[in-house]
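Only one structure is covered here, and it is reproduced in the block below.
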Amino acid sequence: MAFSEWAKKADFDMMFKRYNVIIEGPAIKPEDDPDVKKVLPKDEPFKSLAMAVIFGDTEKAVQATKSALDMVSPLDVIEKGLAKGMDAVSALYAKGAYFLPDIMLSADAMTAAMAVAEQKLGRAREKKGTVVSFVAEGDPHDIGKNLVVMFLKANGFEAVDLGRDVPDKEVIEAVKKYKPVMLTGTALMTTTMTAFPRVAKALQEQGISVPVFGCGGGAVKRDFVESYDMGVYGVKAFHAPKLAEAALAGKSWKDLRKEYPKVVGEFVAEYADRM
Amino acid sequence: MAYKDPDDMVFGHAKFPVLEHWNVQFGAGYVVPEVKVAPEAGTERSKETLVKEMASIAEQAASRAVDIGLPAFMLEQEHVFQQTYHPDWGYACTLAQAEVLKKYYDEYGVRAALRQTVGDLRIEEKGGLRGSEYDNRIAETIEECCKAGASDIAAETMGGKSVLDYGVMRGDIRAILFGIGYLGSIDMEYFWTRAVNICSKYDTRPAGDTNCSGANTCMYVAGGLLGKDMSHTAAALARAISAARSLVAVECGATGPLKDCGYENTIIKAITGVPICQEGKNAVCAHADVMGNLTCQVVDCWSNESVFHREEMGGPTPAVWLQATGYESALMNTAIQTGNAKTLRDLYTFTDMYRDPQGTLLAYPNAFRVGKAIVEYGKDIYLRARAAALEASKVMMEAYEAKLLQLTRFELDTLRKYTSILESLPMEAEIFVDQCMREYPRKIPTFDPKSYGL
Amino acid sequence: MAYKDPDDMVFGHAKFPVLEHWNVQFGAGYVVPEVKVAPEAGTERSKETLVKEMASIAEQAASRAVDIGLPAFMLEQEHVFQQTYHPDWGYACTLAQAEVLKKYYDEYGVRAALRQTVGDLRIEEKGGLRGSEYDNRIAETIEECCKAGASDIAAETMGGKSVLDYGVMRGDIRAILFGIGYLGSIDMEYFWTRAVNICSKYDTRPAGDTNCSGANTCMYVAGGLLGKDMSHTAAALARAISAARSLVAVECGATGPLKDCGYENTIIKAITGVPICQEGKNAVCAHADVMGNLTCQVVDCWSNESVFHREEMGGPTPAVWLQATGYESALMNTAIQTGNAKTLRDLYTFTDMYRDPQGTLLAYPNAFRVGKAIVEYGKDIYLRARAAALEASKVMMEAYEAKLLQLTRFELDTLRKYTSILESLPMEAEIFVDQCMREYPRKIPTFDPKSYGL
Amino acid sequence: MAFSEWAKKADFDMMFKRYNVIIEGPAIKPEDDPDVKKVLPKDEPFKSLAMAVIFGDTEKAVQATKSALDMVSPLDVIEKGLAKGMDAVSALYAKGAYFLPDIMLSADAMTAAMAVAEQKLGRAREKKGTVVSFVAEGDPHDIGKNLVVMFLKANGFEAVDLGRDVPDKEVIEAVKKYKPVMLTGTALMTTTMTAFPRVAKALQEQGISVPVFGCGGGAVKRDFVESYDMGVYGVKAFHAPKLAEAALAGKSWKDLRKEYPKVVGEFVAEYADRM
């Protein structure tokens, strides 16, 4: 073990570079980030509401909501305050300044605060739309699906989570029941992803059409997903809400296949030929 | 500790070598290359097509072994759902591969081992981990694989997954410790006591279990340097914890070679002296990690991880990937034969030791330290897992302070935060479990305490 | 000889390093990993689709380089027919890749080189090698690639192929010598004088040329240990001859790094001191060879060879394969930084030195001997090629007699027979050519002597 | 360079094994090989004819033919003598005892001797059938195709060699002209193998059907070839005559896809699932 001696003479830069450290700019407060500034409300009480979500501080968010409700409507609290905070969080995540647990904490804060506002409202705020999510039959890998569900919820969708190892039949039943704007499937194995074309076919045969059937996960690749109708290959879990929004706006699975990078708003290597 | 000095650990050598049929030894002075290929999509549709697929994978691998002059190899098959769910499929698939390997062993004298990795089908929220239909079928399939000629049996069990997943998503280090270190260890004892028992009736070794469902999940969620889902220091803490958990299989009688994707294996080898499989720079088509060379450091069986079964320009993937791991193993075997094993080992290690905090932790002198921290707490599955994490934290902080390991703010912040949380945890398992049981069953709908006898 | 002692040769170091834009040096004390991926089937249908395909390959490679912390890399694109045939496609494809690399260089400081390997479209029996439409288009495309920002230009020219192919099929060593050593060398001079001339007008290096069409064809026809198409000793003789031929590019002004698939490059590096690319154990998806480690011995740029452009479980192939060559390069760079380069070099070499006669020949001390035999005959392209083969024969026979290299009867018989044929050949080029010209134009319909000024 | 010292202490068996040397049995004469014995004629003059071919000795083969023609018919010289020698050579090649150049020399001897016999016969012996072979447009890799042509000729087929870098149109013209029992295409690049489906489609559209379109070469894989009609994925050049014979015997491309390993009479890894 000559490591300490080696460490003295070696030029690490010739062996590896920690680019994550190299490109790290000076620490800036989230609220000073230019992309956050764009969405952050300038006026109170909305600013405080948004900031509490940005910092993932449940207690403060609930507190701020309670006092804001004395001044403005519950819907404004949600839409002009809390939701803006979540938009800022998404922007920070997309650029690598925020990480997954940050988002989760923010989502928790948002959920708790929203519950308070909705209570005042007297009903649950309307969700943007419903999405049904599942992991294919025989497949236990569910982290990707869990992320998808989390991002959908954080972005105001009603996400019906069917779990993992879900028989085709259950998926079809759920689609019938919830009439979702999007169905998402996750599979990480070559031998379980075969559920997707089966489900797609069964839906078609039963005359049920889903605007978009987003499919992703480890072994799943674009050409596979594009080999059956409705399928749109999903690359990153945080793309899911953007796809759902596009579907809400009337885009079909055919459109999404073609415009994926534009819809999710970033360079996507897997779709590099469609940029 | 099986080793007094970390410097005594080197690839191709284990304190307790394992002999399997068709004349393969692990840890007995040479490194065995391993190859592993997932069945093609669609071949799972019937027993017949899957059996043919298995034979074809074996044949393609074995013929390449001979064509490029490999002295020995291991073929591993990670079961897909159907292979474990239907014990008769498991039997027929194993038999088909065993027949091919035996043919090549007889004809050319090429040493060949056949690993069957059963799928852990159990789902906490669907029937639980113990005594469910899925659970019983696993046991049956292990027995069928033994009968059909498997050289050894491995698994990647999922005990603690529900809580771990929650911990990953929230950055909750206590949940990670509880999920992997405590629940995972309990389930390992259940699973491996039975598996060892079954294997002991046959000429089949109970090999071991990796914490794929825990530490690897963290590692993959953490991703590359630009990944934004999990801190790499946190993933390293999870890895240290997983060593305390995967150790349980060996305590129950598993002999190794431990499963390839157990990046915690270096730590377990230091403690127990069993041979280990590992994957790294020749597993690029399967996984992206940030320590492709380091994992060679003390390996006894060098693997590629599962890839698609298809044709490359250089041949079918079972052939191509066995060639890749075969050549790397040949380099290590040459180093052994010429008396340069330790130099090569140190080069492997140093290449990745400071590329990422996970490499810092697993570099064998540091892995050894973590091993020592674990054994200090004997069989207390909670305290030893906690100790592993704390020692890992020390290792990383020391390297950071020595200006050898660079960390981003995020990595450093999480390391500091998680360390202080770990430090503040109770010194008695009972109290810790109590605390956890008050919080997690409520917050995690998929967590089934009964599956752990809680 | 650029080196006095073969022991002075080591990976990452060349007597005459080459600097390319975006701050990449070859042979200046570190090994650069290379990646190369063939465009997906169908993308050649239009300029637009091919350009997008090129950009996507570049982007996938560059982002992985950053994600795993590689300090530098080279992207090579081997042109498909359309890229070279339409100079404007060649321009647009190169530009698309150059833009991506520049972006990453600016953003992260990752050093990146862009190699364009034009296709040698020329066909002897269709218009000949000189001045045909195909020939003119190649020259135009080289110039367009330079303009678009290529760091260097390489090629795999086919001079002598018609006669060589005949020689391979009949086991005619004289035809092999004539095809590669004589005709090949003549065509190289024609091709590279022009290419060097074009590149000199731009910030683009004329890199060099491999004898793919000759020695590699022999190596692939020979195949693995169980191959039955060509003797491995004969393939080794062809390789030695090819060194005398590929040397011509450097004599015409090519600077290196020589092209990856030139297994003869060790010999040329010994003679000229230019940096070299090589491929081996990380090129398994493209080629099967029997010396995966040995080719690392004195490499300056480590390549994967072309693979299909598609998705693997670990990511898209440009990412995955750059990771593979990147990690191997990292190991070599660690050895350099810690003062262990020569030990690692010797381990690489010794691993394959006696696996196969081709490895015996190319082991750097032996390659050095062949180099010396070549330079003894100065610029006489016939005599130096013949001397290379004879020295190679000696090298193999010595190893066989020392009982280090095992040979089959077929390998030994062909080696003896071919050696005695080579020995009996005339000592004057003119007489040799005369003899050949009496036989081969008659027997080989595709052979066009005018293409060589004969 | 510590090689000589290393060579002394290293156990090479732990580093590599030269299985080709290990499995090499004692040297036996070709005529003593059991598979050769099965096909080798026992009586003269046939035995000498066959032996001359087996040894690839053109001079002897011509000599033996000349003297044999005094005793037996030219057709017997060819079929009971020379051709049997070639059968023996094929058997020796298939088992690895003979190598490619051996086959070539035997084929040369056979060709020369046959010319003599045919002269006596007054006409060329009828070929088994015609096969057209080409390398795809834009592709210079022709060794595989050359092997295919060589094996076809050595086995009594008329092989029309269109060369390399052959435009689709020329291929179609040739098929119209020669009406072959089999067409073979070779391509080694992802970007040139696309000629095969184009050619297959053009043939179909023009109503020309070829019993079998054997396609092979480096980048070409079975699933690709089976994605268009007529295509049969060819693995080894020496399989070509067996495929052609099967086609002569009435097998269609559909049959050949299913029965490939049986037709070529050996284990073929690429068809392992159809053994």
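Order of writing sets the labels: A, B, C and D. Residues in every chain begin at 1.
Everything below uses one rule, namely that a residue touches a chain if its C-beta (ideal position, glycine included) is under 8 Å from a C-beta of that chain, and two chains touch if they have at least 3 such contacts.
Small disclaimer: the values here were computed from a predicted structure and weren't measured.
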**OP:** Let me have the rounded angstrom distance from the C-alpha centre of chain C over to the C-alpha centre of chain D, please.
**Re:** 30
Original post:
Using the average of all C-alpha atoms in each chain as its centre, how far is it in Å between chain A and chain C?
Top reply: 48
Subject >> chain B and chain C, separation of their C-alpha mean positions in angstrom >> reply: 39
**OP:** At least two other chains touched by the same residue of chain A: list those residues.
**Re:** 2, 6, 10, 12, 15-16, 18-19, 219
Original post:
Considering chain B alone, which of its residues make contact with at least two other chains?
Top reply: 43, 63, 66-67, 69, 225-226, 308, 313, 319, 330, 333-334, 338, 350-352, 355-356
**OP:** Indicate which of the five shapes (line, ring, star, complete, other) describes how the chains touch one another.
**Re:** other
Subject >> Contact pairs between chains, per stated definition >> reply: A-B, A-C, B-C, B-D, C-D
Subject >> chain C residues within the chain A interface of the complex >> reply: 29-30, 43, 49, 52-53, 55-56, 59-60, 63, 66-67, 69-71, 107-110, 310-311, 313, 316, 319, 330, 333-334, 336-339
Original post:
For chain A, which residues are in contact with chain C within the complex?
Top reply: 2, 6, 9-19, 22-23, 218-219, 221-223, 267, 269-270, 272-273, 275
**OP:** Within their complex, state which residues of chain B touch chain A.
**Re:** 6-7, 38-45, 80-82, 85, 120-121, 123, 125-126, 158, 165, 168-172, 217, 221, 225-226, 228-231, 308-309, 346, 349-356, 363, 365, 404, 406-410, 446
**OP:** Write out the stretch or stretches of chain C touching chain B in their complex.
**Re:** 63-64, 66-69, 223-227, 280-288, 290, 292-293, 306-308, 312-315, 319-321, 323-324, 327-328, 330-331, 333-335, 338, 340, 343-344, 347-348, 350-352, 355-356
Subject >> Interface residues, chain A side, partner chain B - complex >> reply: 1-3, 6-7, 10, 12, 15-16, 18-21, 24, 27, 93, 96, 98-102, 104-105, 137-140, 142-143, 146-147, 150, 163-165, 189-194, 219, 224
